[in-house]
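What follows is a pair of complexes built around chain A, which joins chain B in one and chain C in the other.
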Partner chain A sequence: MKIAVLMKDVPDLVEDLEVEDGALPLDEMSFVPSEWDDQALEEALLIKEEDGADVTAVAVDTGDVDTMLYTALAKGVDRAVKIVGDFSRSLTNRQRAQLLARYCQNERFDLILTGVQAIDDLDGQIAGLVAGLMGIGHASVVRDVHVAQDRVRFVQEYSGGKMAEFDLACPALLGIQAARKPPRYVTIAKVRQVQKSAEIDEVEDSVGETPVVTVRRLYKPESGGHAEMWGDDVETVANHIVAILEEKKLLRG
Partner chain B sequence: MTVRTVLMIFTVAMILVSGGLFMRRLATLIRVMKGARPAQRTDRLGARVQSVVEHVLLHRRMFRITYSGLLHYLIFSGFVVLLIDIVETVGEIFFPGFTVGRVLAPLVDIWVLLVALGILMALYNRLVIRPARFHGSDEKDAYLILGLIAAIIVGIVIHDSFFPFVAREVLHVADPVARSHFLGWALSRVWLRLGWTGPTAASIGYAVGYVMDMGVVLAFLAYLPYSKHFHIFAAVPNIFLRNLGPKGALLAQPPEDTMAIRTFNDFTWKDLLDLYTCTECGRCQAVCPAHAAGQPLSPKMVILKLRDALNEQLAAKTVGNADTPPIAGQVISQDELWACTTCGACQEACPVFIEHVPKIVGLRAALLEDGDIEANAQKVLVAWDRQGNSFGQPARKRPAWAKGLDVPIKDARKEPVDWLWFVGDFAALDPRVQRLSQLIARLLHQAGVDFGILYEGEVNAGNEALRIGEYGLFETLAQKNIQALNQAQYQRIFTTDPHSLNALKNEYQKLGFHREVRHYTEAFLELIETGRLTVRPLSMRATYHDPCYLGRWNGIVEAPRRLLERLGVELVEMPRHGVQSFCCGAGGGRIWMEETNITDRPANQRIREAMTLPDVHYFVVACPKDVSMFSASVTAMGVENALRVVDMAELLAVAVGLETAEDAALISS
Partner chain C sequence: MGHILVVAELENGRVSDPSRELITKARELGEQVNRPVAVAGFGPAAADALQNLDADDAYVVKDDLLAEYHPELAEAALLNILQNPTDLVLVPNTTMGMDLGASVAARRNWSMVAYCTDLAIDGETVVARSQVYGGKLAAEVEVPLTGAVVTVIPGSWPSDGRRGSPTMHEVSAPSALNMTRRRVIEADAGNDVDITRADILVSVGRGIQDPDNLELAEELAAALGGMVSCSRPVVDAGWLPRSRQVGKSGKTVKPKVYLALGISGAPEHLQGMKDADLIIAVNSDANAPIFDVAHYGATADMLELMPILTEKLQGRAG
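Now for the complex of A and B:
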């Protein structure tokens, strides 16, 4: 079974996001692997441990993705691939999906896993777009992935704890919600060792024509007419809350 | 054939067989030790000899438990005196007419009585007192050994009692020391009355005594290396080869490849010697905070399980094979390994200087390499790697506590300072401790100290990363700090955090950083003693908790006490204090891990210990983690009114007149 894990890095939300001139200063921000992609990677490694598989980690080179790919190698993927070209951090999902789909189509993977979403892709478009472009089976928000011959089984969870188990023919692409186990830790020493001994394969490509949605304005929430802003003062806020609770007769004196 | 011929043949045969078995076992153990990792333990000869005198001849650590120390001393000294008996007994059979003389002979009888007393005390200890620390030890072996020792001393008296008759009737030599063996002499009066003095009766009686004595001694020789009583041979070298420091350095050298311990070849040879030196006394178990908290860890059982597993592999000739059951996770479970606070109480308690902590951390490193680590601790490792602090806060927030303060704090990276202050994660980022850091800054300002910090240039010191088993991360953090420290200009360096102190002082040496690092209690003591800071004595009673990484690992126990004295604090010591302090439970990465399996938190136990002290309402700490841990305990236990946790900085602030409304209560008390 040939498995690909599509990975990307996203801004580290530990840092406060500043909006400068109507945009995020992407060059000054620090980036970390998207946590859902980390989950997809872990699920792929678990499948590999369970049934044996050849796992490739794939990322589009929109900046420094090497550490993320070396980390994936240190964790146990067989190969790391970086799609290189003239790509900026502001690559759209549509463009990213096109690059990933083209690479995956050539490599003929049986199963492709990626994070269900990312903090800069809350709609979770990547999984659906790549699967659509490739014309293969797709499901998202799934977990508990098991493979059997040329089919894949997985679980989708709905509100109220209801579950559904699915079965899909390969090739297939799944948007992973969570791995069966928390993503494994990899020691700094192991990553360093891999950086010395392993190499990241590079595949060249370029962005084709895609419809692009442009950002007109990026701004923080503004106080409108429908909400009363209480400000930052703890005392004032507390007094307001108490007053409301009293008004609603939720406080006993 | 006379009794002499029979016993000579018996003795030679026993020496050959027992000696052969002993040497074979010894050769096996030396071989496995040779295959292990290196350790430099033969430097500083004078200090090593001194430590043998202190801890073997004088039994210093043994006497920390008076009763056990005494009974052990009686039996131990008996083994020394036994040598006189062996020389005499073998001598009188092999060289008729040989004698040890009238001075040495009675010593044997005196020690027969003392050893007998020791055995009785040991039996009383095991049967009646039954200390909990023996739980898990091989008590059968203990009884067997006590029985064998009893057989030897009874044998001595028996053969001594028959020897006068054997000497006269069989060997035809004089026995000038017959009366000197007063116990044997008294027993010989019985044989006279019974008429068992002829050549045959005396020969049989003597042979019985001889076999009970020499036979058991030689059988002992063969059995010992397979038993916990191998410590008779291993203890002296193990004490001689102990770690002479720096004590707080977990690793003396950077690991060649990895610090992970996967097979027995990955331990150092000294680690393996430790396994065979353990006497199963359980003193480590009795002082272990994880064990006391109800967790599955016992330092004693770690050593015993490792020893048993090694013995199995020695028997199966599989030592060093990668396909043997994993040590980390199987021989010693994950829960045991992650329960350790690395407080070092076990090592401090061990009478034969076994080092438990490096073994546990090496095994943790193996788990970590396989990606097995407790989820919360994993988050902290990632946070250290990305942000340089355990709080997952952006690096630029590190100096936030210093903003808006009415005293200026220099940036030591930009301008020279006299004192450089290494702040540490908790002091910089924990809201409960930030207040104390601000107090320290104001105190330094008051004393006119020209000081500064590294601002964003400082990252976590890496002490806990190393103790979680993540050497690479420790190294990364340490190198960042060392780079910042090398760029800064300063005369002296101090820290408010004992964990940082330990890393900077002991662990950074192997990365090329050699500066004297002081704890703030030492620094402020100096400021007061040199008159730079004037204090108004507080006149209060308090107890003081020694942080593990300050007291035990770095021996700084006097400075905080002298500082308390200077501040006018009447110190009431808890039963466990100084280097024998009891851990708060936070060390070794435990502070970030889930408290599963914990039935009684170590910090709560410590607070209860303090509350047994008469009229003590203040619990003084000198470690930011202690502020968090003990404040939480006092609150959870609902005893805030009975015992208040105060940091040394707060006492200093009140004593020099920087008191805040909250702290003013300390004076009125």
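Now for the complex of A and C:
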């Protein structure tokens, strides 16, 4: 079974998102792998360990994706591929999906896994976009993926804890919600070591026409309300909580 | 002029609330840009469920296999329905929306806008507001009325409950499946506690950092006479059972007090708790979106706060 894991990095939410002129200064921000892509990577590695599979991690080179790909190699993928070209950080998901779909089509993967969503997919989730462009069977909000010959079996989460188990012929694409186990950890030392011995394959491409949506502006939402803040001193905060529970007659004793 | 089409979901034979919200909005937009409203529904109950909705046309695909959501069949059915002139498709951002929204947009070479929380007309243009970056930012996006899919976060606006009598159309279901549903797994009633019954929830998120710290939350919940609930990552890490999860793919709770500790307030989490009577959020990040729905908040360290609060409560009781 030939498996691809489509990965992208996204702005690190731990940092403050400062909007400038209605947009994010993407070139100045720090990026981290999208957490759901990490889950997809882990699920692919578990499938490989369970049934044997050839796993390729794929990313579009919109900045520094090398660390993400070397980390995937250190975790155990067989190959890492970077789609290179004239791409900036502001590449839309639609353009990204076009590049990924073209690459996947050429490579004839049996199974393509990627995250169910990312924090920045305003113009559509990569999973659905790539599957739609390739015209292959797909499902999202998926977990518990197992393979047998040329089929995959998986669980799709409906809502409120209800789920269904499906069986799908390959080629197939699944948007992963969570891996069976928390994503494995590799040390920076291990990643550095891999960086010296392994290589990232490069595939050249360029973006063509895609439907666009015009983003008028990004902004911090002016919320309907905001919490009344009690500061950061734990003693004071604890006293406030006790007082308000007392006032609402919610304390026992 | 093409339709504004709402893809409706059924719950126990009834059109779901998120779908009704979309029908209200479709009508409101349709009146302004002069477009008829259509609604699509799947499964044997669809014809009955759709016949009184406030739409001009209703397309139903009656296949028994669509009694529960089936990604491949639903997509094929929707593509069939889209052979009728359609300018805009609205889908709830549920599993169905996440599945069909982007793929149908890609297949039709249409635009797509995800995580929408508002839709309005500005002149001739439909403008969507969307939540991005875990709810930390909003985006204002122009939606072309020449074929676009918008997936909408449930609960973004109320439904007006208006009724109507759409012209009913039966659309045949596609066959020859690559995908088969083997079984439906009902939500686990389980033998764990039922967090929907708690008056007070001590809800922990990724800020708990280590499963060993859960004891602090359990002690606090015991001192409050409440229960411990959590966000999804805590469940995915295997630290608490799924029955404790609050949110879109977990439980919807409405306790008297919801203490959100180390929870950022992603839209999927808010969906399950935003109607709690009193929300108190503790998060070290002053910009965490949870503070937008909380009544009271503190930028304290939850790990320091929990034992101190427990002690104060115990001291009080004793």
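Everything that follows uses one rule, which is that the second predicted complex is superposed on the first by the 218 of 253 C-alpha atoms of A that agree within 3 Å, B and C clash if a C-alpha of one lies under 4 Å from a C-alpha of the other, contacts with A are read in each partner's own complex, and residues count from 1 in each chain.
Simple rule for what comes next: contacts are C-beta pairs under 8 Å (C-beta built on N, C-alpha and C of every residue); 3 or more make two chains touch, one makes a residue touch a chain.
Predicted, not measured: the structure shown is a model, and the values here were computed from it.
Of the two partner chains placed around the shared chain by superposition, chain B and chain C are both touched by A:182.
In the superposition on chain A, A:241 makes contact with chain C only, not with chain B. When the shared chain is aligned, chain C comes close enough to touch A:153, but chain B does not.
In the superposition on chain A, A:192 makes contact with chain B only, not with chain C. By the touch criterion defined above, A:120 lies against chain C but remains apart from chain B after alignment on the C-alpha atoms of chain A. Of the two partner chains placed by superposition, chain B and chain C are both touched by A:16.
Comparing chain B with chain C, the partner in contact with more residues of chain A is C. Within chain A, the residues touching chain B in one complex and chain C in the other are 14, 16, 182. Considering their complex, residues 258, 365, 368-369, 371-373, 375, 378, 381-382, 385-387, 392-394, 470-473, 475-476 of chain B touch chain A.
If you check the complex, the residues on chain C that touch chain A are 68-69, 71-72, 94-95, 98-107, 109-115, 127, 130-144, 148-149, 178-188, 199-200, 224-225, 232, 236-238, 242-243, 248-252, 256-257, 259, 264, 278-282, 285-287, 289, 291-301, 304-305, 308-309, 312-313, 316-318. Those residues of chain A that touch chain B in the complex are listed here as 12, 14-16, 30, 32, 75, 182, 184-192.
Across the complex, chain C is touched by residues 11, 13-14, 16-17, 19, 24, 39, 94, 97, 116-117, 119-133, 135, 137-141, 153, 155-169, 175, 177-178, 181-182, 211-221, 223-235, 237-242, 244-245, 248, 250-253 of chain A.
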